[in-house]
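Going by the order they are written in, the chains are A, B and C; count residues from 1 in each one.
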Amino acid sequence: MKSLLLLWSLAPLAWQLYTSLVTPEALVQGGGVEAGAFWTLENYRQVWLADPPIWRYLLNSAVVGAATTALTLTLAVPCAYGLQRQGGRLGWLVTLALLATAIFPTVLLFLALLQLARALGLANNLLALSLPYAALCLPLAVLLLRAAFADLPPDLEDAARLEGLNLPRRLRHVLLPLLAPSLASTAILVFLFSWNEYPIALTWISRPELLTLPPAIARIAGSSLFTVPYGAFAAATVLGSLPLLLLVLIFQRSIVSGLTQGAIKG
Amino acid sequence: MKEQRLKPTLVNSLLMLPALLLLAIVFAWPLLDSAWLSTQASSVLTGLTPLANGGANWQRLLGDARFWQDAAVTLRFAGVSVALELLLGLAMALLLHQPSRGRGWLRALTLLPWALPTTVLALGWRWIYNDPYGPLNAILRACGAAPFGFLTTPASTWLFTVLADVWKTTPFVALLLLAGLQSIPAELEESLVLEGASPLQILRRLTLPLLRPWISLALLFRLAQALGVFDLVQVLTRGGPAGSTESLALYAYLNAMRFLDFGYSATLVIATFLLLVLLTALGWLLLRRRPLELS
Amino acid sequence: MAGSGARRRLTPGSVLAGLLLGLVLILVPAALLAKPVAAATTVRVLMPSPFVDATAALVAGFNRDHPNLKVEVARGPLDTEAMSDLAIGGLLLGDTGYDLLLMDVSWTAKYVAAGWLLPLEGLLGDNALEAMVPGARVGNAFGGHLWRMPLTGDTGLLYWRTDLMAAPPRSTQELEAVARRLQAEGKVRWGYVWQGRQYEGLSCVMLEMIHAFGGQWWQAGSGRAGGHTELDSAGAIAAADWLLHLVRTGVSPEAVADFAENEALQLFAAGDAAFLRNWPYAWREIEKGGGPVVGKVGVSTVVSAPGVTSGGTLGTWGLSLLAGSPNPEAAAEVIRWFTGPETQKALVLDQGYAPTWAVLYEDSELQQKHPLLAVQRQALEQGPLVRPLTPLYAQLSDLLQRQVNGLITAEGSAAAAMGRAQTQSAVLLESAAGQEHP
């Protein structure tokens, strides 16, 4: 059963990896190619040296991801704290609103956000893109962190208050260090989201050199007029997946526990 | 100290304010704006400036065969793929819950399809479905069968688009259900085992009832997302052939970005939103008879 | 266990630190990568990738000769639709950053109505198009203004196999009969391949077929939409019916329903089809490909039903001046040079595109190096077909594609499909009538 599960999950990915590493002839003819003409790194060379090169998209995505993560956590931590301490009717309403926005499909926002970008001159700006991204990530981040705050022993903060620490210092020196695991898994999930977001990036970014990875890949997909260079496509998809693949594998425990803990408490 | 002079509610509200403000700008304002725009003619014919035209857009929507076809496509897509995802996700979650060596790795690897960008994977699926050079056709060829155009006819394109979506999002459902499984105390299961219950009986009598809130959550979340399906169809099929995979979101997008008809695009956005509210409310009522415990 | 717990706590903390460090590391170079300030007047041009490659040397030469005027070319995607999406994306955001845009002929009316283009007659003169072949002048000027200077004069063409027949067919009937005979003799797997995918190429095919059967897609008239459609006329239905018939009887493969230019070309170049409908570029592609049909390909104008004379769809690219360009005069100078004979000659030789200047068709060197020139001229003189000249063309085209693609991939009759296309077009145009400025 487990190998079946792995096959189901990984076979399509493995096929991309394979495609990216063989010559077009090998791809079309299968095994009937002479040994020297089978494996190749040419596809990677091609996307690496393309105009604009793929590392540019990866860099853009990383910039947006980092900015989004920083902004989201900055806004989510106080909000989660306030929400957890608040409780009651107001807290219930806010939580309900957060849940509703958390399940909301973001594509329905593209039209109005396009006008917003135009009106405020936020188009073609990677840091500006992190504003809507942060908003889209906030519901999940706040819900996860609220659950984490709820988990902390209440005496702890009272003790810190008695020692004369004000709120920012209590957060900074007492609460946040204990929250580090939750912060980390939230950060990773936010980064994942912003790395993968497509419709808003598609409408906010029009300059080729500023594209993030998802619209860039989609554009590559739509640009095959004269040839169908699947090897190069595959190389692009592998390079585009690699950072996330590493992130997921290295922090698998954080991600899984972050999501499951959040779901249990939220 | 300053903060002790302030009421706790005020402090808490102030702490929540920046985040809620951003949420209002990015979620509430667009919906209001689109609702307003849906009562305006704002297209290439008006020089892209809004002119009030009453209910003309809505009237057009009701008579638009393409809207109804897309609504049917979207509903069918959401219904079938979410149902499959719940079934497969449950099986996956049960498998991932079993204690075993390397369970963490197994969970992480299973999660990969969910974690990677949809557009990247959609491009990958397009190659997998390729006729005649894709791997699926290579397998068919090895079995002596004729190559099959997976993305050629409306029926098969729709089916294989659903498959790609199921592959991509099932891990997320599995993860949510896994969280549910972890919250079930092991003693309960042990006592049932002592009573001599079979694994199937345990699933039916203990696991499924206790998983219910998580199943509801997964269902609501996935249903809402699937009704807004966009990335996958835009890259994999572009809505074709013959509009068989065009979702409402894709139609709204085309109206804005290709046809330059913002009034009608906004009408489609709001119509999709209303559909979404209706269906999630319905799902909520059906699956969650008791009110949500939020505190 | 305590140790591992401590380790676990440490790791996520370092993640945060790592992310913040990453932010700093990334933002600093990003800031450094900001655009340098240009000294001379720079005219920025956005065009599809093949044009960028074909003109790179010429642009470099221009920049050498003009110290005070720089042409900066941005590479767009290959595909027409992707190119359009990119351009519109920028224009809607009010942030294109370009002075000139190389546009497909079918976009012009929409861009003009959206107010994105500046008229050119004041900058280039009222007779800027005069020295062009008549067919290439179409679709560039309307509403009393010149909106675009064509760089190519491409039309749809019929490719045929010189090794399988002595002369190209002159009617749809003849084409079908020849194709069927060759298929029966086992000379080719398929008879006729064309573009049947749900995309703009299918609209180009349909425009040719509707006219080939004596109908018309668009009747120009009054109103902001600029006319009405006639998709349920006998000619239009006969056109759709013929395409359906080709697929049903196996003259065309069922897979044409998923064919764009390239797929059809690949099949023809592999020697698997007797006839191909494509643009002039296909000639160079086949020659370059070195496949089994090199040297066995003839090109002629597209066929019509017996007794009807029709033409190929006009699929030209041309330069337009975007509103908001800071230097319209300099941009106009670049247009004049870019669409001039020198650039066009390079495009003919490199890409096989058809030129627009009459003088180039007389150029003996070009005639020698590019055997297609004669048929390209003939196609342009035969009265090429212009797609409906209305700002709503994108919608009209989209709904026609949907119906015709649906017709050849699913059940139904041509009359029903074209009837639906006509009804939907009428509804669209009617709703548009209500959007007129008061």
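By our rule, contacts are C-beta pairs under 8 Å (C-beta built on N, C-alpha and C of every residue); 3 or more make two chains touch, one makes a residue touch a chain.
Remember, it's a predicted structure, so these values are computed and weren't measured experimentally.
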Reference chain B; chain at largest CA-centroid distance: C
A-B compared against B-C, more contacting pairs: A-B
Rounded Å distance between chain B and chain C, as computed from the means of their C-alpha atoms: 35
For chain A paired with chain B, centre-to-centre distance based on mean C-alpha positions, whole Å: 17
Overlap residues in chain A, where contacts from two or more other chains coincide: 114, 203, 222, 253
Chain B residues counted as touching two or more neighbouring chains: 238, 257
Touching two or more other chains - residues of chain C: 85, 89, 92
In the complex with chain B, residue positions of chain C that touch it: 84-85, 88-89, 92, 110, 113-115, 197-199, 224-225, 254-255, 257-258, 391-392, 394-395, 398-399, 402-403, 405-406, 409-410, 420, 424, 427, 431-432, 434-438
Complex contacts: residues of chain C adjacent to chain A: 8-9, 11-13, 15-16, 19-20, 22-23, 26-27, 30, 49-50, 74-82, 85-86, 89-90, 92-97, 260-262, 285
Complex interface listing, chain A residues touching chain B: 1-2, 5-6, 8-10, 12-13, 15-16, 19, 27-28, 30, 75-76, 78-79, 81-83, 85-87, 90-92, 94-98, 101-116, 131-132, 134-136, 138-139, 142, 164, 166-167, 192, 195-196, 198-199, 203, 213-215, 217-218, 220-222, 230, 233-234, 236-237, 240-241, 244-245, 247-249, 252-253, 255-256, 259-261, 263-264
Complex interface listing, chain B residues touching chain C: 41, 43-48, 51, 53, 56, 60, 63-66, 131, 149, 151-154, 238-243, 254, 257-261, 263
Complex interface listing, chain A residues touching chain C: 51, 59, 62-63, 66-67, 69-70, 114, 117-118, 121, 123-124, 126, 177, 180-181, 183-185, 187-188, 191, 202-208, 219, 222-228, 251, 253-254
